[in-house]
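Down below are the structures I want you to see.
Paired with chain B in one complex and with chain C in the other, chain A is shared by the two complexes that follow.
The block that comes next holds the complex of A and B.
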């Protein structure tokens, strides 16, 4: 048995023997993301997403590998598109799933923050248009393949250093081809609250690709204004009761006006429609909001209002949005906006603290390396 | 390699098991899957996906080295996630114990925890052998 175990251990591909971890990027509920480089072969930059390993005695009993890892791997394996993050490899090490993916230097959130805090000037129309077009291109690919992303937000939109958009984080994505249960039964709450579509806020049981389009609309607006358009306060869930997001709905109708029956005929059928009565009437103020951002394109406003359409049936689809006059107007969208415009942003900051922490999580590595070797040189000897 | 009829000559278990035995064990595994899925009132898709995973696994690993019931249980667990038809690990392990013990409920309740641990471990083994193709 001991021999067998040793043999198994030898055969196992270890993440650290195949990839050199350069730094720690970020962490979330799912786990951590690292930047890495393969030890052999072409020198490309990669991102390694490490899902939290199984741990005993956690508050919520785990049920094997997480559903989000399962979805992300299952979907990413089959998706290949310029504007979708590419999955290179999946490894199992240390009882944790490691996903090796394309590395992207920026994400939309960090770029927008750089504009607000450092440059203090808005993004140019060309950049906004190019990024939006690519985002729509990626989303339309997903929708054409019957996949809902369900968590589009700036932080999940990766951008390479030349300005190519990669839609990432498919942890909530799912195929909607054959839901044998209403989608609502699977995940009660989807999409980050600021980007959540009105039908979801009103508790709809069935929803469509239109929920992603609403998020795209919110992201478009955020690029124009450099702040979230509907920045509501999330009401936390209590006693497993899904709360009505009053504040978020209020933010939406403040800008878009109170929806009328003509605008959204099926609104009355929504489970939480009764809640709508508590709000006072607002007129549609999107035009004023748009003018306030300092952007002038008439077609841009048109596209924004068709993305932020109350009725999901009437909301523009990704495919139609790609053909919108906004993209046919000068300046035309380009494939590598940063490269062509010679724009550079500060590179992702990598922290080493967490890397050290990660090292201590891999005590087995030091056993393999030669005695006496220390720090990074020890890492290099493990091949 | 595709399997046609009862041709298991290329199966990893071919050295240890006769084709008839292999077929028998595979059948028992699939039966187990269907029983568990039915007991939990999950969708038929889950059973189908689990059976595909099960056969794929045993084209890479021998039936003599991994118990067919354990792997069948792990296949249901994974398939429930793939097909978005979740049941808690608790429910799945209890159903596995119940079916494995042919309906002896008291004994099943006792061995549920063991099943939980087994399923979690074998799910990973299953995933690795299926190369995370789901």
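The block that comes next holds the complex of A and C.
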């Protein structure tokens, strides 16, 4: 038995001996993300997601591997698509789970922030169109495989240095076929509030792939305007009561107008429908909003309004959106927009922490505590 | 097998019966030097201490799941995990009770039928007590007991995940079985019910480690079909139709 244990310990793969950890990227509630490269074999760049190790004596009793890690690993192992982040390996080391994944140089949030703060000019139509098409392509693959992403937002959309979109963070994703209980019972709150679909805001118990399409619409709008289209203030949960996101709903109807019964026949059935009476009536102002962004494509506006359709039944599906006339119009979307347009953005800023293989020329910048990530504020994915 | 998700492991791997026996025997030889000839006789698999332990775990999983109200697919997935762990690590370095509860815990997460770990621990505690004391309610199990179990079960969970190579992909033979039964239009009350039971029982064995769920589901249905002594049917045409 002792021999066997020793043999097993010898076979154990250590993260640090297999990969060189180059720097720390960001941290979140789940743990931290590092950039790394394999010590042997082809020199590729990888991201390692290290989940928080289980510690004894923590305030909250632990219940083992988090559901989100379990989902992410289980789903990512099955998914192989150009526009979805690829999982290479899962390792257990240092009492923590490490997911080794494809590395992407940028995320959509960092690119949009670069445009707002440094370039001070909008993204070109070709880049927007290419990124949107690839995003839809990835989402349509997920939906065709009966998977809901449930947390689409710019920070979760990775982009390689040539401009290939990789949908990441499948931590909230799940298979939606034949749920044993209404999806609502599993996770009470899904999708970051700015990207949350109206049916979710009204407390629906059953939802579909349309919630992801709403998020895609919000992301499309954000690429056009370089700011979130519905930037509501989130009302924090108190005493485990799920609050009605009044401000977020208000932001939506300010732009899209008050939904009518014709627009959304099943709205009256929503649990929080009664809350809708408190808002005053707004007309639909999406066209004015669109014109304000300086973009002119008529089909672009059409696609945006089909994505931001109130009624989830009528909202465009990912598959149909890929065929939208917007993508058949010039400029046509391309596969590697940054490469073809010769666009370059500043690379991800890395910092070092105690796990990194620090080299002497790199001064230690900061020790990241739970407060986290001063050096990575630009790409901070903490919600 | 510390990490089993490299590119070569993208597909579900099924082992032959002989390779399972060989694996168990090889392990036996490496820990005690008693030479047992490697052959694939039936009793050699079932009588192996690892398989006896696995079978016991499976019974316990069924009891706890019944008490907690887990659906059939969670039970089966937990039992599949137990067998995978025992085949890959024939003498696990953790307690069999912890291992069993950990498999159920992982299965509940895989199948999206999560329950509070405290509840799982409380129900397991009551059912593992000998003799079983039915006067106690799961809610009244003190948290000192569950917290003591929690540490070792969470550690066991890591052991289980490591052993199965983080393979959280699920297969649902139950769904497939219902579809096949409808397709073959078998009598609901007799053949379909019997097949369902056979399907559940299959997970007490190593069969799900050996064959994909489609084969297990079709096998359960065909066996149930042939059990009907009044009107035995030849299942060959049905199977041929399935795989054509």
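Keep this in mind: the second predicted complex is superposed on the first by the 343 of 383 C-alpha atoms of A that agree within 3 Å, B and C clash if a C-alpha of one lies under 4 Å from a C-alpha of the other, contacts with A are read in each partner's own complex, and residues count from 1 in each chain.
The rule is short, and it goes like this: contacts are C-beta pairs under 8 Å (C-beta built on N, C-alpha and C of every residue); 3 or more make two chains touch, one makes a residue touch a chain.
From a predicted model like this one, the values you see are computed outputs, not experimental measurements.
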Exercise for review: Superpose on chain A as described above, then tell me if chain B and chain C fit or clash.
Suggested key: clash
Check your understanding: Between chain B (first) and chain C (second), which, if any, makes contact with A:90: first, second, both or neither?
Key -> both
**Study point:** Contacts of A:3 with chain B and chain C, given as first, second, both or neither
**Key:** second
Practice item. Would you sort A:11 into first (chain B), second (chain C), both or neither based on which partner it touches? Key: second
Exercise for review: Check the residue A:74 against both partner chains and state whether it touches chain B (first), chain C (second), both, or neither.
Suggested key: both
Review point. So, does A:65 touch the first partner chain B, the second partner chain C, both, or neither?
Key: both
Check your understanding: Thinking of the overlay built on chain A, is A:267 touched by chain B (first), by chain C (second), by both, or by neither?
Key -> neither
Exercise for review: May I ask you to name which of chain B and chain C touches more residues of chain A?
Suggested key: C
Point to revise | Footprint overlap on chain A, comparing chain B with chain C | key: 54, 61-65, 67, 70-71, 73-74, 77, 90, 92, 95, 174, 178-180, 186
Practice item. Write out the stretch or stretches of chain B touching chain A in their complex. Key: 43, 45, 77-78, 81-82, 84-86, 88-90, 92, 119-120, 123-124, 127-128, 131-134
Practice item. Mind listing the chain C positions that touch chain A in their complex? Key: 2-3, 5-7, 10, 27, 30-31, 71, 91, 93, 102, 105-106, 109-114, 116-118, 147, 150-151, 153-154, 157-158, 161-162, 165-170, 175
Review point. Which chain A residues qualify as touching chain C in the complex?
Key: 1, 3-5, 11-13, 54, 56, 61-65, 67, 70-71, 73-74, 77-78, 80, 87-92, 95, 97, 174-175, 178-180, 186
Review point. Within the complex, which stretch of chain A touches chain B?
Key: 54, 61-65, 67, 70-71, 73-74, 77, 90, 92, 95, 174, 178-181, 186
